[in-house]
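Listed after this line are the structures, all set down as structure tokens.
Two complexes follow with subunit A in common, the first pairing it with subunit B and the second with subunit C.
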Partner chain A sequence: MDRRHSRMRPLIVALVLLLVTTGCWDLKEVEELRFTVGEGLDRAEEETPGDEWAAEGGGYKKRNLILFTQQLALPEFIAAAGKQNGGQQQKPYQNIVLTGDSTFQMASEPSLGHQGGTFGQHLKVLVIGEALARTVNLQQLLNEYFRSPTVRRSVLVFIARGRAKDTLETQEPGEIPSFRLVDIADNEKETTRLLPPMNLGKVNSKLAAESSFLLQSIASKAGIVKFIGAAVIKGKTKKLIGFLSEEELEGLNWLTGQGGGGAIKAVYEEQRQPAVYMIDKLNSHIHPRVEGNRISFDVGIEFEGRLIEDWAIPGNAFESKHLKKVEKAFHDEVRKRVDRSLNKIQHEYQADVAGFGNQLRIRYPEVWEKVKKDWDKEFSRARIKYTVTIQIRDFGTQGSKLKE
Partner chain B sequence: MSERKQLKTKKIGNRDRTRLSPGQAQQQTESSQPAVTVSPDDFSSRLELMKTEIKQNPDVVFRRFKLGFANLEAAVVLIDGLTDKDLINEIMKSLMYGVAETPPDPQPAAMNIKDFIEEKILPASKIKAVSTVKEAAEEVFTGFSALLIEGMPEILILETPSWKSRGMEEPVTEALVRGPRLGFNETLSDNISLLRRAIASPQLTFVDYWIGKTAKKKLVVAYMDGIVDPEIVREVQTRLERIDIDHVPESGYIEQLIEDNYLSPFPQLQNTERADRVASALLEGRVAILLDGTPFALIVPVTFSMLLQSPEDYYERWFAGSLMRMLRFAVAFVSLFGPSIYISFVSYHPGLIPTKLALSIAGTREGVPYPSFIEALIMEVAIEILREAGLRLPKPVGQTVGLVGGLVIGEAAVRAGIVSPIMVIVVSITAISSFAIPQYGAGIALRILRFGAMFFAALLGLYGVTLFFLLICIHFVKLKSFGVPYASPAVPYRLSDWKDFILRMPILMMKRRPKMLHTKNEVRKG
Partner chain C sequence: MITNPKDQITSSQAAVAVASILVGAGILTLPRSAAEQMNTPDGWIAVILGGLVTMGIAAVLVKLSQRFPGKTFYLYSQEIVGKFLGYLLSLVLVVYFTLLAGFEIRTMGEVTKSYLLLATPKEVTMIMMLWVGVYLVVGGINPMMRLFEILLPPTVLIFFVVLLLSLQIFELDNLRPVLGQVTPLFKGVQTTSLAYAGVEAMLILTAFMREPDKAVKAVLVGIAFPIAFYVMTMVMVIGGLSVDLAKLTTWPTISLIQSFEVTGIVFERFETFLLAVWILQIFTTFASAYYFAALGLSQLFKKNIHPFIYALLPLIYLVAMTPKNVNDLFKLGDLLGYIFVFVAGIMPPILLAIAVLRGKKHGPKA
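Take a look at the complex of A and B:
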């Protein structure tokens, strides 16, 4: 018995030492971290923030190409925001602005001037300024984000009209701008003027496939950020080539059947009164067709919804003739808008951002193999036919506005 | 070894005169050799022998009298307070006068006086004859009365035990909403009759044991003959026979003396105050051990899942039962890993917490001077102290302690910035979880292991918690209770026994007894 104990003792001591000496390596209490929740990338202009200490020997060797904004959440002020302990309220976030040429170096630079360790696992949004996106290949710009072990693929990517730095500010007290952007991106089901959220993972695959795509564009006016339309990234150059307005984006969403909710407003007939259609269900099918060398697409768009507003008098919804008239007006409106959007992406930008290529790849893989190298060019030559069906299923408890 | 033991006994003997000296104790153990044989001629000397054997204690009554039907001396020896006085008076009355009214055989002395008294005189229901004074003395101490008669070689032992016992009340530790409001009390015969009443079947078998060298106590092993695996009964009996201890105050002693692994934190015998619980365990093919002087019966063999069960699971409909079962498994997990998972998230993996929660935790932890492990330790220890203090104090005071303690911990500690409010939530959820486990012993086991898990979490984060979980699992699958694997029916995997595991399937489906118990008669329901 004693001998067994003497043999066990070194083992136990070794085990305890192993645990105690190797433990706690990764220990980092949550309150000692600097949570990076949003980052912005802009083209650097004249100002070079972060270089104020150059005279004293601060800084490192770099070119000032990028203006980098790092948004830190300040937990102590988030907790205090609920309490309202009088006086003026401290903002629950802090933006650190730096210039440089490497996103990684810039992201770690604040460790010299701020307490706590950088913690990037909760990064939520990445905003790229218009000027930078137009001039720099996005795959080059974002490669550090794709490589980094801490950055998640769920980080939402936006293009700022104007400067990204400004969109990461807010006037609302007690609010973190990055979270606000994430929450707005969630409203996809509410409106068709919003792009389904694009995250780093999707952007990565689009860039790798060299296909054109859309990014949600946002703009800041007087400290208020709004989502407006979309930015078109060209697959070939991997740079921003232009924007779609909110209405153009909506037209495109109707064409591709993305998003739900939203409305169609049409002014019809001699009364020139508006009527509004509330979209309940939106479906679209893209059928590619190959005849010899010609590629064309048939698109069927189906709307289901209700007549939610009709200013015409009497505007008798009990009469199917009237409803047909209204449906026709909506139909024309949709066609008009989809035409405009299609024209823009097909001819002005020559970028397939609506997923036509993907349908061709699925139906005609051998054709796709031939055309995929220069698909955007090919797309601009393709003929796109589409049909729109609009059904008014319901008009609520309002029939005619005149007593008979 | 034996020398040391003797020394110890001597010490006790010196201090307490009434205890047996070591020599006598040894003599007593060799029960095969009759120490003193009763000499038929000398009644007084026999009585003296009896007196030395029993010792002159104030509660021992020696009542000498003359028989009514023959000019013979007699004496009743009994212990005051352990015997039924009315019955003794009745017996003595019949011995002293009874014969005068109904004249006996002309020559009672000529015929066997023992048979005569047994058959014609004594109204006691159970009579036993012993031949040695020592045997008689032992019986006297358990409440029987010894009847010595001049000229009769045997000593008659009369069944007269009767003492004050607590009524049968609802067990406090195992209260149910639905189910019999009846629990065991401290009297073995009451408990046995309770079981008899629950299982009216000749298959229900009780086997008597006397446990304890110095102070004997009756112990009964109960099982259903024809259902139980005889192997388990034999195992229980060998282990009981191996017990060599001077005194067993409570069935907890038995539990610790016969359990499989004394180093394991898990209870390997189930204790219960509920007769219905014992009865259904017996009918499942388990063995129960009842000890005199305690309301806690022991059930073997035990699997871990049994510790998360309550009789109510079966009394309520199966939806409710299953839901409660699942809840208890969840509760067991929380009570084991609650604080450790919190520690590893907060100290090692803040990336795994949802962003807004991470920020709010970070915000509330601002200004807390300790790492989360120390914080959790302070709170856990405080809760344990509170629990212990509340338990030992009289009820009204205990409530006050709970209130004041809860207030101090919940409110003041947070205000003072010693702990964060979220830690208070974690610790209290964990504490409530551990109280929701129906078996007190299982709750304690998980509470002990919780501290180990917290330590591992503080050292290695979630990786450490996983390691600790694996350690428990290794121990868990190795552990057996009387030959039945502790983790069954999960390991070894027996699908048919899963009907009564995480879910409590409808009774309609439980047609067989648990396979893991290897019962002789598997059919439970047609």
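Take a look at the complex of A and C:
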């Protein structure tokens, strides 16, 4: 025993020395890293930033297909912006814009002109410009993001109305646009006019299943970014085919029971005054039905909530008759809006972005196997019937405006 | 051969060893191979069925070994089918364990290089683990068992907590319909059974047990752990990623953990934790395979085990470095699956039948 130990000792010492003396292979000084927090992809138009070094022998062989915006966080200026000491305000972020045809090559290009290494593991958002998304297959465009082990699948994906580059700018001092987008996407529970966040992982699985889906669309005006409706990506072509407006998205969210909060506003009969319903709970069930070759769907949408605003006078909510009337008005409003949204996805875009196919797959796997190849077409022919139930659970702390 | 009373293990140690050996590289790739074969979300059912099949196989292995108390497969196979065939079968087992050790090491190297230490050459992480392995294996079976006992609880805890965190992207619809199609299940069971490669360890471990008559119970308890691990993995990965995506991802389980961020507690990302405990389990599988291969050689040649341990080291490294890329590595995994079917599923029942027919049995030494 002892003899063996004495033989092992030098070996162990050597091993420990090796560990101590070689240092850390993967060490990168945090201060010297450039953190990529957001990236934007646009179709390259006339301008070709990054190509101005051609005369000196710069550049590499590429097509100018994509205008690539890389947003770097500059942590040192986040703190500084809080002090508001006047003078030149340094933005806490920097956007590098380049053109090319490979997202990987463009992302590594800044290594030639900027100090420090790029660190991509903190990428939070990816914004794709409308024009690019309409013309390029997203599965090809995003392939590098899906492959790279350092890109997390929790990166949020957006479609920009207009240019992605513009949505990665802000006038707000001390703010990083990418982080702002992440924060807004978090408001999902507060409104039904937002889409539940779609990250790279979910986008990847939709693309892999060849099914149509929605992406949150965002727009920028005068340095302010807002979430506006949704972009429809067609499963077959994997390209953007159009948008849903905020109201259309809301109608669709009602149909599919997604999101929470939000309100329904209806103008009702006698006085043409608006009343507003605060949605507490929203539930929806899609029941597929197969009869012979015909596929149809029954949808039940249930709302539970509160009458929060009523401009009618006296509008006595203590009276059940009045409540019934308001309920009916909300009911009609929901039907009108859902009809419009459904018509848009079913007939105009012919894209099942509401998960009808998914329910068919679950209930009728054999039927699904037969129709899944051309599902969007099949979907456009399907009959969809739905019922809306609106429950006014209460009317808050005041039931009427006048004593009758 | 094993007369040293120090080299005996308790029944619970045997159960822990079986659990530790079975849980290895497969955890990260099983959802993909199952989804590929089945194309339905019922992988978790296939995993349970595969586990039950494995329990049956394990019972046969143990029954065979129990007929020869205190003897490993390397010794008693010669008694059953004669010296030559026994040697040959034992060599197959040694080769299998060597390949398995190399496979586990390389898988560890690949994943570490892709996800944890991007700039460190994978050779370095692999050699480190090999060296630590030598250190452990030279100590013999008891230190190994004690280490396995220490490593299993944190593995179970961290693994389950990290997987449960993925509930935030879990979609029940991805797991439905349950049993929409039944036929893919048969293909699935074939695939998932391979994930339980490692039960053949009982061919050797039974000999070390202080109470060999409890071996069946020990191995069944041991297999229950990987069943729980695998069911959990399948449910969370398919539920979080969907079948279509699980088919496409190289390491689906890591991709799942990369699909969400947790805000509000100190850590946002959990793949590092998952990989840490996963590497522990890779290590246990590797060390066991390494030890069993060395033990086989030492018992076949009736020599001290130490030279064989050191001699196998470069061999395992060579095996590990042979696959040119990840595809080759997965092919090596498939090959191991075939040998596993032979050494665990085909060979033991035949040997048991022969042993019963020829009345070969060693009673307890008087």
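Note that in this section the second predicted complex is superposed on the first by the 382 of 404 C-alpha atoms of A that agree within 3 Å, B and C clash if a C-alpha of one lies under 4 Å from a C-alpha of the other, contacts with A are read in each partner's own complex, and residues count from 1 in each chain.
Convention: contacts are C-beta pairs under 8 Å (C-beta built on N, C-alpha and C of every residue); 3 or more make two chains touch, one makes a residue touch a chain.
This structure is a prediction, so every number in the text was calculated from the model and none was measured.
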First (subunit B), second (subunit C), both or neither touched by A:Leu17: neither
Touched partner set for A:Phe119, first subunit B, second subunit C, both or neither: first
Partner chain(s) touched by A:Ser205 [first = subunit B, second = subunit C, both, neither]: second
Touching partner for A:Val267 - first (subunit B), second (subunit C), both, neither: neither
Contacts of A:Ile224 with subunit B and subunit C, given as first, second, both or neither: neither
Which superposed partner A:Val37 touches (first subunit B, second subunit C, both, neither): first
Which superposed partner A:Ala73 touches (first subunit B, second subunit C, both, neither): first
First, second, both or neither for A:Glu29, with subunit B first and subunit C second: first
Touched partner set for A:Ile313, first subunit B, second subunit C, both or neither: neither
Subunit A residues contacted in one complex by subunit B, in the other by subunit C: 26, 150
Touching residues on subunit A, where the partner in the complex is subunit C: 15, 25-26, 149-150, 152-154, 199-202, 204-205, 208-209, 355, 358-359, 361-363, 365-366
Residues on subunit B engaged by subunit A in the complex (per definition of touch): 345-348, 350-351, 353, 355-356, 358-366, 368, 371-372, 456, 458-461, 464
Of subunit C, residues touching subunit A in the complex: 40, 114-115, 117-120, 124, 131, 169, 173, 176-177, 180-181, 240-242, 244-245, 247-248, 255, 258-261, 269
In the complex with subunit B, residue positions of subunit A that touch it: 19-20, 22-24, 26-31, 33, 35, 37, 73, 75-80, 119, 121-122, 124, 150, 179
